[in-house]
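Paired with subunit B in one complex and with subunit C in the other, subunit A is shared by the two complexes that follow.
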Partner chain A sequence: MTKLRKKSHFRWLFLALLLALLPAAVYAQAEPITDDEVNEVAQDVYCPVCESTPLDVCPTAACADWRELIRTKLSEGQSRDEILEYFARQYGDGVLANPPRRGASLVILWILPLLLVLVGLLLFSRLLRGLRRPTAAAPPPRPKSTTGDPALDDYISRVEKEVDE
Partner chain B sequence: MTDTIPTTTTPVEAAPRRPIRWSMIALWLAVIAILAVLAWGLLNATAGRPEVGQAAPDFTVEFFNGYEWDARPVADLSDMRGRPVVLNFWASWCVECRYETDVLEQTWLKYRDDGVVFLGVAYADVEPNSIAYMKEFGVTFPHAPDLGTDISQDYEITGVPETFFIDKDGVIRHVQIGAVDEQLLDTIIPQMLAE
Partner chain C sequence: MIADIGYLTLLTAFFCAVYAVVAAAYGARSGDDRWVRSARNALIATFPLLLLAAGLVITALLTGDFSIAYVSQVSSRGMPTYLKVTALWGGQAGSLLFWNVLLSAFTAAAMLSKWRQQKELMPYVIIVSGMTQVFFLLVSTFLEDPFTRNLVIPADGNGLNPLLRHPGMIIHPPMLYLGFVGFTIPFSFAMAALMSNQMSDNWIHTTRRWTLVAWLFLGLGLILGGRWAYDVLGWGGYWGWDPVENASFMPWLAGTAFLHSVMIQEKMRMFKMWNMFLVVLTYCLVILGTFVVRSGVISSVHAFAQSAIGPFFFGFIVIMFTFSAYWITKRRDSLRSENALASYLSREAAFLYNNFLIIAILGVVFLFTYYPILSELFTGEKGFVGPPVYERALAPLFAALVLLMGVAPLTMWYRTSIQRLGRAVLWPAVGSTAFVVVLFILGVRLWPALLGFWLVSFSAVLTILEFTKGTRARMRKGESPWTAFTTLMARNRRRYGGYWIHMGVLIMAFGIVADGIYQSETQIRLQAGESITLGDFEMRFNSVSRFPGADDLLITKADVDLFKNGKLVRTLTPQIELYQRTGQPMTIPSARSTITEDFYVILVNWEPTTADAATFRIFLNPLINWIWTGGLVFVMGTLIAAWPEREKVPVRARRPAAAVAGD
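On to the complex of A and B.
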C-alpha cells in the first residue's frame, strides 16, 4: 500500500516538474531571433541591387526584405547552410559571398587558379633546370703567338692582355 | 676528265628517339585550358544587353500559383511566339513599380482578348511579398519569380521597373527603363498587334 502511494507521489511530482518546465520550453521556442543572429547569415549574402555590398550592412529595401526572410527561416529552425542554399537556388549563386564549388564558380574560382599555379611551377622548374645546365665549353686558350722575335712576342702578349681586359 | 663525287653507302644511323616530355604536354594543355576559360569569359562579358531589333533571349518561367499563363504552371518565352509580349521586371520593394502596376493591369484587361501576353517577372523579391503586392494591386495577368535571377541576367536589366516589348516574331521592339505609362502602352501594343 505504502509502495503504491509512493509511486503515485512520484508520478505527481514528475508531472508537476514537466508542467513547470513546459513554459520555459515554449518560451525558448518563441524567443525572437536577434539581429546578430540574422546578420551572421546575412554577411555571407550580397545585396541584389547594390554591387559588392553584404546584406548585413546594406540599407536598401530589398535587403531589408531579405534580412526579414532570413529571420523567418531561422525562426522556422532552418540552419545557416539551408538558408544559404535557398538563397542560391532562388537568386543564383552570385548572391553568395562564398559561391558553392559547382559549375562556372568551380572552374573560375578553383580550377583556373590551380592551373595557373601549376603552369607557374612548371615554368619555374624549367627555368631552374636551364640555369643549372653547364654552359657551352669555354673556347680553348689561344696558342701563344711566337714570331721568333722576343720583343715582338712581348709586345703582342701585352696587346692581347689589354684586349682581354 | 670528270671528277666524281664519291658516294658513301654507309647506312644512316637512326636518330635517337626523343622521350615524350609529359611536362611540356601538361604545360600546353594548361595554357590552352586557361585561354579557353578566358575566351569564354570575354565572350560572356561582351555578349551585351539585348537591344531593340534583336531577338529576345528565350527563358523558362515557373509562374506563381494562381498567376499562370494559358493554364500552364511553366512556360517558355518561345511558347508565346505569334503573340506580342509585354515583359515587365518589377519587385515589391520597388517604389517606382507602384506607379505602373495599375496601368499595366488596366492595359492587360484592355488588350488581353487581342492575344497580347503580359508577363510580370519579380526580380530579387521575396515570394510572400510578391504575392502580397499582387493582391494589393489586384493584379490578374501572369507573373513569375526570376528564379536564380537568370532572366534579368540574360536581359541585363539596369534595375526595376524595366519593360521589354517583344513582337510576334520574338524581336525586341522597345525597351522602357523606368515606369511605363498608358500613352506608351497604347502606342506600342497596337503597333505590334497590327504587324
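On to the complex of A and C.
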C-alpha cells in the first residue's frame, strides 16, 4: 500500500515537472512531425468521401486537410490510438480500416463468422462421417492394383504402361 | 442515323433471344426438333447482330458523333484512335453491350461446336444461356441503351476516364468479362443436364475446357488488374481488397473449388450435388460481380461505374438462384454419391479439404465485402473493413491451402497410408527447413515471414518432385530427359498443367509473403540536389518540369537519380498527370524493377511557388516481380491443361506413320 502511494507521489511530482516544462518543450521541439509518422496513422483511416482510398495516398484536398490534422494532433503529443479514436467519434467507425470491436462490427465481423465457422465445421464433419457410411449397395471400386511396388504410385505405373505401348 | 440503326439492331437481337428461349422451351416440350433448330439459329443470330451494334458504337466513337450521349461521355476529339475504340468498354452502357457481344459469341461457339454431340441437352442449354442473354439485352436495350441521344449536341466530349487510359486497363476489362461470360456455358450445361434428367458426367466432360478457359481469363483479368493498380494508382501496392476486385475474385474462387471437386465426380462418382451447387454459386457470383462492378452499390475506386440498374440485377440473381435450386432439389435422388469416402487420407478427401478452405476464404471475402451494406442495413451507419482485417483473417486459410497444394498430389484415390505420406514428405520438409534456416541466418527474423517461406518452399519442392518422378519413370524406359519431360506433359496435360498452375501460384505466394511483410516506405520533402536513402538505395532529386501533354493533359514530371551502393543505376521520372477538363489528377509512379526488388517512387506534391522543392513517396518492394512471373507461369499452366488433346482416333491412325518415319 505504502509502496503504491509512494509511486503515485512520484507520478504527481513527475506530472508537475512535466507541466512546468511543457511550454519550453513545445518551443524546444526541434524535430517536426515527419510525413512518415503522419502516414503511419493515415494509412488506417479512410475518409467518408473517397471510400476505398486510404488517407495516406488520397490526393484530394479534404484528405490533405485530414493529414494536417493528424500532424497537429501528433505534435500535440496524442498517440496513434487517440487520434484514430478521435476520427471514429467524429465521423463514425466506418472511417477506420480496422473496425473497432463494438456494435455492428462486433456482431457481423466477429460473432457471425465464428458461428458460421462452427456451423461449417459441424456440417463438414457430419458430411465426412456420413460419407464414410456406404450409400450404395455396390462396394466402392478398388483402384486397379499397382505394379506391386509401393514406391510407384498409380500414375507412374500408368506412365510406364504408356511408354510400353 | 447510326443511333437509329444501332438501336434497331439491339432490339432485333433482344427479340431473337426471347424467341430462342420460347422456341427452345416449346421444342423441348413437344419433342419437335424443328423448333429447337429454329431456336438455335435465333440464338446464334444474336451474335452478328450484337457485333454490328458494337461496330456502330465504335464507328460513332471514331467519327466523334457527339449526338450520341455515350460517345460524348467517354470520348473526346483529342483522344488517340486506340482509346476511342477501347472507349467501347470505358463506360456503363458500352460495357454492358460489350458483355452482350461476348456472351453471344460464347453461346454461338458452344452451340456450333457441341450441337451434334449434345443433341439431348441442347434445347435446355438454349433456354438457360438464352435467359442470361435476354436479361443482359433487356438491360442494354431498355435501361442502359448506348444509343441514347443528347438533347443538346456538345462541341466536344468529356473524354475517357483518366484511370482507364492505360494499356493494363484496356485489356483488363475484356479479360474479366470473358471470364465472367465464360462461366455461363458450364452453368447452362449443368442446368441442361438437370432439366433433361441426363445425370451422367457428360456435362462435366463437355464443359471442362470451357470452364478452364473462363477461369483462365478471370485469373488473367485479376493479375492484369493488379498490374494496372501497381502501375497507375500510385499507392505502392497491387491489391487493395477493393469491393470491385473482390467481386471478380469471388467467382474465381468458386470456379477454383469447382475445377478441383469435379475431379472427384469423374473419378469416384461422388459429390454430384456439391458440384452442381458450385456451378450455380460461380454463376450467381459472376452476375453479382457484374452488378457490383457496374452499379457502384459499394462505393469504391471504381465508382465511375455507378448507376441505378441494381434492382434488376438483384432480381435476376434471385430468379436464377431459385430456378437452379428448384431443379437441384427436383433431381436430388440422381445427384446422390455413388460411393462412400473410404478414408480421411485420400485424394478425394484432399479435394474436399481444398473445397472447404476455398469456400471459407470465399465466405470471409464475401462477408467483409458486403459488410458496409449489412452494417448500414442494421445500424444505419456505413461500416468499412480495410485491408489489414482481410489479411489477418485470410492469412491462416491461405497458409493451409498452400500446404494442401503441396501434400494433396501425394495422396492416392481411395486410401493412402500415413506411413507412405510421411516418407514422401520427410525429405522435402527437411530441405525446406534447411532453406528457412539459411534465410534466418541471412537476417529474416519475423516469424510470419519464416513460416510463409517454409510453407511455400515445402510445397514447391513437392510439386517439383511430381515432375521429376514422372520424368524419371519415363526415362527408365530409355527416353532422353527432355523427351521424357515434354511427353509426360503432353500425355497428361490436365495433371501437369495443374502442377504448373500450382507452381505459378507458389511463385506468386513467395512474392506476396516477401512484399507483404518486408515492404518499406518513406515520404519526404526534398530540395533540389538533396538525397534520401532507403535500404541500399539513394535517390537524388534533380528537378521538376511542367508541360502540357496530349489532349487536355498537364504533366508535372520530376527527375531523380537513383544510386545503388553509391553507383548511378537509373534516372526515374515520377509524374503527376492532371486532366484539366475534369480536374482529375493521376500520380504515375516510376520504378526501377529487378527480380529482387522494385524501387518505386511517386511524386506526391510540387507547387510552382516553391519550384526547387518536391515531396516524394518511396517504396521498396522486395520480390514483387515474382508475383508477375508467377502469373505468367500460372497462365502457361492453364494453357497446358486446357490445350485440346487430339481425338483418340486420329492418334491411333497417326501411329503407323510415325513408326514409318522412325524407321
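Keep this in mind: the second predicted complex is superposed on the first by the 102 of 165 C-alpha atoms of A that agree within 3 Å, B and C clash if a C-alpha of one lies under 4 Å from a C-alpha of the other, contacts with A are read in each partner's own complex, and residues count from 1 in each chain.
One rule holds for everything that comes next: a contact is a pair of C-beta atoms (placed from the backbone, for glycine too) under 8 Å apart; a residue touches a chain by one contact, two chains touch by 3 or more.
Bear in mind the structure is a predicted one, so any value in this text is a computation, not a measurement.
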Report summary line: The chain contacting more residues of subunit A, comparing subunit B with subunit C, is C
Query raised in the report: Given the touch rule stated above, what does A:Pro99 touch, subunit B (first), subunit C (second), both, or neither?
Result: second
Requested in this report: Kindly classify A:Pro59 by the partners it touches after superposition: subunit B alone (first), subunit C alone (second), both, or neither?
Outcome: second
Query - Contacts of A:Asn39 with subunit B and subunit C, given as first, second, both or neither - result: second
Query raised in the report: Touch check for A:Leu122: first (subunit B), second (subunit C), both, or neither?
Result: first
Query raised in the report: Where does A:Pro48 make contact in the superposed view: on subunit B (first), on subunit C (second), on both, or on neither?
Result: both
Report task. Identify the partner contact of A:Pro113: answer first if only subunit B is touched, second if only subunit C is, both if each is, neither if none is. Result -> second
Report summary line: subunit A residues contacting subunit B in one complex and subunit C in the other 48, 92, 94-95, 107-108, 112, 116
Query raised in the report: In their complex, what parts of subunit A are in touch with subunit B?
Result: 48-49, 60-62, 64-66, 68-69, 89-92, 94-95, 107-108, 112, 115-116, 118-119, 122-123, 125-126
Query raised in the report: Inside the complex, what are the residues of subunit B that reach subunit A?
Result: 23, 26-27, 30-31, 33-34, 37, 41, 91-93, 95, 123-126, 129, 145, 147-150, 153, 159
Report summary line: In the complex, subunit C touches subunit A at residues 233-236, 240, 242-243, 268, 270, 299-301, 303, 336-342, 344, 349, 352, 356, 359-360, 363-364, 367-368, 371-372, 374-375, 378-379, 381-389, 393, 412-414, 420, 469-470, 473-474, 476-477, 479, 488, 491-492, 495, 521-525, 585, 587, 615, 617
Query raised in the report: Quick one: in the complex, what on subunit A touches subunit C?
Result: 34-36, 39, 44, 46, 48, 51-54, 57, 59, 92-99, 103-105, 107-109, 112-113, 116-117, 120, 124, 128, 131-136, 138, 140-143, 150, 152-156, 159-160, 162-164
